[in-house]
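Notes for the one structure printed next.
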Amino acid sequence: MIRDERLTADELQRIDERIRDDWPTGSAVDFEEAIAYHESLPAHKQFADVLESADRPLLQPRAGVPCLDDQVSLLEHLHGEGAADLLPTTIDSYTRDNEYGKAQEGLENARESGDATLNGFPAVNHGVEGCRELVDRVDAPIEVRHGTPDARLLAAVTFAGGFQSFEGGPISYNIPYTKEGSLAQTIEHWQYVDRLAGAYTERGVTINREPFGPLTGTLVPPSIAIAIMLVEGKLAATQGVRSLTLGYGQVGNVVQDVAALRALRKLGNEYLRDEVCVTTVFHEWMGGFPPDEARANGVIGLGGTTAAIARPDKVITKSPQEFQGVPTKEANAAGLRTTRQLIDMVVEQDIVLDGVDEEQALIERETRCLMDAIEAHGDGDVAQGTIEAFESGALDVPFAPSDAAEGAVLPARDDDGRVRIFEWGELAMDDDIKEIHRARLADRAETEGRKQSFRMVADDVDAISDGKLIGRPTSDTGGGRDGGETRAD
Amino acid sequence: MQLGEYCMPTTVILGVIGSDAHVVGITILDQALSAAGFDVENLGVQTSQEEFAAAASEHDADAVLVSSLYGHAEQDCQGFHELLAREEVDVTTYIGGNLAVGQDDFEQTRTTFRKLGFDKVFDSETAPEEVIRSLERDLGISTREAETDRVQA
Amino acid sequence: MIRDERLTADELQRIDERIRDDWPTGSAVDFEEAIAYHESLPAHKQFADVLESADRPLLQPRAGVPCLDDQVSLLEHLHGEGAADLLPTTIDSYTRDNEYGKAQEGLENARESGDATLNGFPAVNHGVEGCRELVDRVDAPIEVRHGTPDARLLAAVTFAGGFQSFEGGPISYNIPYTKEGSLAQTIEHWQYVDRLAGAYTERGVTINREPFGPLTGTLVPPSIAIAIMLVEGKLAATQGVRSLTLGYGQVGNVVQDVAALRALRKLGNEYLRDEVCVTTVFHEWMGGFPPDEARANGVIGLGGTTAAIARPDKVITKSPQEFQGVPTKEANAAGLRTTRQLIDMVVEQDIVLDGVDEEQALIERETRCLMDAIEAHGDGDVAQGTIEAFESGALDVPFAPSDAAEGAVLPARDDDGRVRIFEWGELAMDDDIKEIHRARLADRAETEGRKQSFRMVADDVDAISDGKLIGRPTSDTGGGRDGGETRAD
Amino acid sequence: MQLGEYCMPTTVILGVIGSDAHVVGITILDQALSAAGFDVENLGVQTSQEEFAAAASEHDADAVLVSSLYGHAEQDCQGFHELLAREEVDVTTYIGGNLAVGQDDFEQTRTTFRKLGFDKVFDSETAPEEVIRSLERDLGISTREAETDRVQA
């Protein structure tokens, strides 16, 4: 039975050896030699230092293409034209499935045809040497961003390859990203990743770890996201991780977003041991985008404004082409600059919003309910508690594709646009908190003169792409995606 | 709209192909199609070609709706229609979502997937209502057609 | 000596006849027939009604090209693709100078060459028929926007031509727009414009009038802008105008902008007679824009957010191409949609900002100082008082090109980015208010470790186009427009 | 930088041509040039060709700096250099600002104004510092050149 305990040196080594056999490039991984490589990197490529010592929110985009040279010029563009502070390397979907063979095929196709036949950079296939070439040629810290449930080989290769930051975690890269993986298994896999990060850290090479806060990106209630961040943070800290960036995805209500980021920071510092340096990352709206670049810029603008008020340590930006598909590098850089302009115009302003404290208090209480439930489910062990809590539905994520989550919780916006919970399933929450949500949603239902139903949830899912925050019923059914109102009832 | 209004229940298979985990679109489609009276068999995300084919034949489906968002649809659908033919599954097939990697021209994408054998190809701006209307037309569900005409007249 | 008194019917007629001789198209103006034309317009083209009955901020762009067909398709594009609620017709610069001959030349050139050799639509040259064709062919209310100090013939032609809204005023279209025109003269000229609007209004055809709030668009302290709006409102009301839209240009500090719009609305209702329906218009940032569309979208985004919080009746949008030159119609429509998305996402949120009330109180007190000074200078007559107050410097506008204003007042941002006054000249302001500004600016000077100087003003002028709100000194002198720091001292 | 560092004061005429009233740019330029030690004769906005020519000859100017923002520069500058020649004013002439209506290509704009006789054409991204550097070079102000070299070395 998996428990939240530190892997021993032996276990680490055993897994390490086994995992490196999964693909030929694994054999090039050599821990001692990798430490030496990291030590040779200049200060401005040391991810954790750059992030933790910044005096304003740093910006980071998402970006990954199959071939090395293309990835270099993509990142150079985002660094130069986009003025990104931190760079990403987004991994392709085959690698996420550990299908290195298919990734190899895609990579070779891409090399021949010049087409982007993979939706990211197959770092395992590029191997330690390829990764280092990337790190050497690009002049800023780079993080591995992926969505891989079993990221062990990816971590082994990319850490040795010079990357000093690694996104994901056993829950956040399981529940939103897979159908069948069990949590027991992903927790075990990520214990290795975190232990490996810890081993580097102990040798003076800090590997920053970043649990994926937005989860399904779709109306995730803040307390659910924060609880999962705390769990992943605790699991990582146990394995020796000392630089943790906890994430949160914008929901679009400014007060709620600011409150959530504050709650995340506060609870992160409270729940995680003192030795851990906790930073926060704010993801610009992760749900469906408007199918129009001008409107998408409005969504990005709200993200920038919110970031300027909440002041997270890092912001993951979106591009105006988010709706359509993987953005061009120009569009990606544009999203960075729009965000930068907004942050820099607003960040020096002393903006204090009414109601943030109350909302923050509510989010904190909700999060504590969930954390207490996890604690209770696991008899004090957070690994076991998480597994059991998901099993019972005490912990749940809306729109989770994974069999490991009930997916019974349904969110909807209240009359002010804050994300509340409409269908609780078995979520572990005090009754008086449920009552608050119920009352807020009742207000909305009354405003709209309709009952709370899945229809409301569906309308909220489409609202931002349709140009609004709240999915109000419309009489006008002509306009694209909000059609159906009159007929699907 | 009640189920009873159809002469016989129309069954559609719905799922996300390949290793794609984008579930929100099919969740919305499932809800809208069910509300409109279809029998929806939702296979969820990360569904293989074989699972689609098996479900279609098991439920004697009228249509198979394949969703793909993550940009690998073309690879994931290679040989799908050949498989359906081998399994003697004769259904209307739709594919929809974000079908190409990057900022592609949709007309080109449509051609690609029509060539792969799909009867219709939908982009990610597709509202559930359009899917319902299109299924009605393609599956010849006349009660609703008539009603639609009335409503729009 | 010009006084704030209503023109008699005789005076109106006399001017009317004289002015119509200035260009051949003037002879087609027939008041009675024009009333009939206006009465024939459908409800959704009645400007004042549409504006005054709206339940959300309406959007309006700026746009004008020389030829009629082009203007029609430009406006149709902005209405269709941009979803503008209200449309503009921006007049060319020759017409603004009453150089109808040159405008004619430009128009003919444009017709032949297809090039836009004029920077706007020469409405006088198009005449009553041309204007009506525009009004007929475009399916939304249209306003005349210009910058013409002597707009008498323009008003006569465009009112008869079916336009129901007219921007400008004797101060706001003098001080920022000309060097030599005297205020006595522009007040006289605008008395005619307003009286004509009043005459239509009395016959049931409401002509909406919109004093130009942003003035020089460059760090104008809110109270100065508001005082001028009140003066122009009072002058217009005397002549019978009953639909007045008072304007304000964004300064970029959210609290100050929200406070200013509230003060404008409140003082507008207080200073103007009960019969006048007062609405407000918010202009997205009117100063120098960033030379980059992505960053410009950030500026527009902040405008939209501010509008959503302050909820003016109307918003004049900017395009991402503002820096470069007259925008393409696509860019213009994009600015509208970015703004719309932001407003619609934020407007339903209950956002209450700390400090708005205090800032609003300060702005109101400052405005009252200026209004009292005008009152005193004119012995109770607002026309005379305004002239004398500008003469003495008691009323002043920063960066005014006009000889009629001292132009002695210099603004600078405080440490929070609010626009304060750094150099007062003779501006009529209570000492304790001056003390508040001084203290705020001292804070900034201290933060920056430099003295208050024109250099600070210049840095603030460039700040937004350089990507910041406040023009802080930078060590990095490499970057474009902020160069010079090290050498020009 | 003190005036005294120049061998003799360098006089520049500054103004906005035509009926353009955009004053902010020349206000900034005036301040920066004055601070850098130039004698600046600022004619303000809405200055005619004749006023520019008269001021240049009256002050025995070294350079005339014409600003235009509102998009009518080309019309406003027709014949300006012929006028200067007639008045026997021999000065370095610069023009800068937003010189064309609309989203034009700057290279084309530069050609247009070079043809009209301007020695140099600046776009609206020009920082005051660039103008100072350029004037130093074109007017052969060597003290500052030397100093610049030192500073940049």
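Chains: A, B, C and D, in written order; residue numbering restarts at 1 for each.
Heads up, the rule we're going with is that a residue touches a chain if its C-beta (ideal position, glycine included) is under 8 Å from a C-beta of that chain, and two chains touch if they have at least 3 such contacts.
Quantities reported herein were computed from a predicted structural model and do not represent experimental measurements.
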{"item": "Geometric centre distance via CA averages, chain B-chain A, whole Å", "value": "30"}
{"item": "Mean-CA-position distance for chain C and chain A (Å)", "value": "44"}
{"item": "Distance from chain C to chain B - Cα centre to Cα centre, in angstrom", "value": "53"}
{"item": "Chain-level touch network, classified as line, ring, star, complete or other", "value": "line"}
{"item": "Interchain pairs in contact, sorted by label", "value": "A-B, A-C, C-D"}
{"item": "Parts of chain C lying in touch with chain A, wherever the complex brings them together", "value": "252-255, 290, 292-302, 304-305, 333-342, 344-346, 348-355, 415-417, 464, 467-470"}
{"item": "For the chain B and chain A complex, residues of the former touching the latter", "value": "1, 16, 18-24, 27-28, 31-32, 35-36, 44-46, 70-72, 75, 98, 100-104, 124-125, 127-130, 132, 148, 151"}
{"item": "Touching residues (chain side chain C, partner chain D) in the complex", "value": "93-94, 96-97, 99, 106, 116-119, 176-180, 216, 218, 287-288, 291, 321, 323-328, 331, 399-401, 454-455, 458, 461-462, 477, 480-484, 486-489"}
